[in-house]
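Note sheet for the following structure.
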Amino acid sequence: MLEELKEEVYQANMQLPALDLVTFTWGNVSGIDRSKGLFVIKPSGVDYKALKPEDMVVVNLDGEVVEGNLNPSSDTPTHAYLYKHFPNIGGITHTHSPWGVAFAAAKLDIPAVSTTHADTFYGDIPAVPALSEQEIAEGYELNTGKVIVKEFAQRNIDPDAIPAALVSQHGPFAWGATPAKSVYNAKVLEVSAEMAYHALQLTRNELHVPQYLLDKHYYRKHGAHAYYGQKE
Amino acid sequence: MLEELKEEVYQANMQLPALDLVTFTWGNVSGIDRSKGLFVIKPSGVDYKALKPEDMVVVNLDGEVVEGNLNPSSDTPTHAYLYKHFPNIGGITHTHSPWGVAFAAAKLDIPAVSTTHADTFYGDIPAVPALSEQEIAEGYELNTGKVIVKEFAQRNIDPDAIPAALVSQHGPFAWGATPAKSVYNAKVLEVSAEMAYHALQLTRNELHVPQYLLDKHYYRKHGAHAYYGQKE
Amino acid sequence: MLEELKEEVYQANMQLPALDLVTFTWGNVSGIDRSKGLFVIKPSGVDYKALKPEDMVVVNLDGEVVEGNLNPSSDTPTHAYLYKHFPNIGGITHTHSPWGVAFAAAKLDIPAVSTTHADTFYGDIPAVPALSEQEIAEGYELNTGKVIVKEFAQRNIDPDAIPAALVSQHGPFAWGATPAKSVYNAKVLEVSAEMAYHALQLTRNELHVPQYLLDKHYYRKHGAHAYYGQKE
Amino acid sequence: MLEELKEEVYQANMQLPALDLVTFTWGNVSGIDRSKGLFVIKPSGVDYKALKPEDMVVVNLDGEVVEGNLNPSSDTPTHAYLYKHFPNIGGITHTHSPWGVAFAAAKLDIPAVSTTHADTFYGDIPAVPALSEQEIAEGYELNTGKVIVKEFAQRNIDPDAIPAALVSQHGPFAWGATPAKSVYNAKVLEVSAEMAYHALQLTRNELHVPQYLLDKHYYRKHGAHAYYGQKE
């Protein structure tokens, strides 16, 4: 069942240690088959060195296991909620990468201060509010998805243009058109957080790049007039 | 004698360089056989590249060598004291990992500011007081164990719920149910210290996670209602 | 066509990941054949692991492709402009290396605070102004070259003595007598930025090295009286 | 000539990249044969990957080449001066390691704030004054040795107890009983600088360890009553 997607999701998961985005098992990638309404996700707490494509768990959009002998990632309800409400995304990555977590612990957006950030994220990466006591008690992982979607709606952020969020006191969630692109976005988030951290320590000046630079760099890589890279 | 435990302690020691937790020989792991009242510990000052399972030294709870041709770690009396007073622990790890030492040098607890910390430590990791002149003069390594146990008692901290301490001006000691779990906890301490350091530099706001988040994350992974990972 | 130069530029590009100067495809090196008025540059957005010498693109000084099946780096017009106006340089390297970008995002020169910097750069590495809305709209990459050349002229900086610039809000461009030397200079910039960052956090004292130290270290390695290294 | 010492100095030099203490060729190790009054040093500017034991240069205590086809390190007069004035040392290491250079650029001693530092250095590692214009003009590298020796004398520091210095605006010099021990000390300096930097950012409290802790840790590893490690 969904063998190609399992392989794709497996390969994307294996990029997390390759890109220095995980310690131990603290991360997971999923990918969705929109036509079937099913997604494939890493099993919970399995060591990356032991992980195999056939370990991937198939889940429906209510987070129920459809196929697989292992428990899916404990973050599965978060993934399910994001897939339901962000209709264009095909893959999701969650990590505890250290620079991203530092901003999440500080409850601060990662500000867009350079083109490295702007090439991938069309503005600041929002730190969504920490969950309340009630939100944690009643469906913690599902509510993690809800606070992300709610914050994007309230701030009027397009999740296809800013494909990541920091959950305050927790860490990054990133997404993209494919599982591999969600991992790419998780890495750009980490690098951008590192660069922004150091820039913020160097000066107290306002550092946001102007809107026209955001426009230039984002549209240089995205949309009909993109001219970065090779035609595919 | 205790050949299986020697192999287990050897493997746990070899995780220290693999997880970037040691420079040179600055770290050691031990593991206890509670039924025999004996523990096994790394020899003092031996290079990790030359270390072999049969080099491990067997010691009793008074820190006396029972078997082995090499001197045990100079920190052996600290390990012995912790095993005596923390009855549930099966392994102990000591390192000079740099983020942990930075907090120890600053004599500051590692504050619980994110779920990465809270998944393993049910609250701040305490910086126990630096040893006094007398404590250093009269049984330094034994007194290192005493200041840890005393501080946990005074602050009413459960060593099974917060399985690590920073000895001020020195560095981290971590423990756990097994030698491997004590190494795991030493790595989580290091990563948590790195994240907390950067969060503290980003803002002067109070950053501790609330008690209900500590409860949620700790009990998600520990105790009867744990649901992270696979059933064992 | 220019097969030797392609090999040289390919090898220089492969030094970027070897020296930890790039994430993903965010960097490029070019090299010029001054006698032919042509330069060779990395293709745009190609993964370093897949890169081959024959992928290098041959371009003229107007940035037009003369040979090659792939699109040249999107930064090609910047390279062309620098080659036109800095007549002694033979290679150019552009990276998004994190310490360099941190200073670029903060719009701060990398100050010359140690001999590590002074051995290669005869003074501060300038942060040239961020491009204006008009400069971005009308030929962004060409104008990136223009702001560098203009700032060097206005500050009266010799590009052979200070062979790099930070484009504010973007990142480093470095150059040198050969493609390999431009990569070397890009690495010295990154290391110097890291050292300067930490020195600036340690103290509020003025830290610039004096002019006579700049003279000593720069001329120890450059010019007729150089005595560092072996005679070539 | 001195083939064993050449091999020993070669091996010690190769530890510099292995321990992440050098970028490019920015470092050198020497070792002395006190009975012959000759020392062996790395050639200037030779890539570590190409270095061979027979490349080592034999020099006398006036810094004159006695054997070898390559130029000795440009820092040779500094080494010679230190050997002359610190009679117990057998090896010297110079690096531009980044944490050490950060303190050197800030002209700050590396303060003794933890046992990691105190196990090797019996007090703060001094930042010796930057050289004056005249000292640079008239025998720069020789005067580098002189400012180190002069500062140790003025502060009454025993170079066997604190076996390293930072030359302000330049970087670390470390020494020891053998070439290998000088490299070890250079690494401890770098790690201690990293830990001290972060501790200093975490708090404005005074962080020096007390004299009795210095005594305990230094004499635990050094002298007649040392008990760390194995008997040799």
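Letters A, B, C and D mark the chains as written, and numbering starts fresh at 1 in each.
By definition in this document, a residue touches a chain if its C-beta (ideal position, glycine included) is under 8 Å from a C-beta of that chain, and two chains touch if they have at least 3 such contacts.
Composition by chain, UniProt nomenclature: A, B, C, D = L-ribulose-5-phosphate 4-epimerase.
Nothing here was measured: the structure is a model prediction, and the numbers come from that model.
Chains that touch both chain A and chain C are absent from this assembly.
Using the average of C-alpha coordinates as each chain's centre, D ends up farthest from chain A. The rotation relating chain B to chain D, fitted on Cα atoms, comes to 90°, given as a multiple of 5. Although chain A and chain B share one sequence, what matters here is the overlap of their interface residues, and that overlap falls short of half of the numbers used. The mean-CA centres of chain A and chain B are about 33 angstrom from one another, to the nearest whole unit.
Centres computed as Cα averages put chain B at a distance of 46 Å from chain C.
The multi-chain contact residues of chain B, meaning those touching 2 or more other chains, are 201. In terms of which chains touch, the assembly is arranged as a closed ring, every chain touching its two neighbours and no others.
All chain pairs in contact, by the document's touch criterion: A-B, A-C, B-D, C-D.
Touching chain C in their complex are the following residues of chain A: 113-116, 184, 187, 191, 194-196, 198-199, 201-203, 205, 207, 209-210, 212-213, 216, 220, 227-231.
Chain contact summary for the complex, chain B toward chain D: residues 23-26, 43-46, 70-71, 74, 96, 98-99, 101-108, 130-131, 133, 136-137, 140, 169-171, 197, 200-201.
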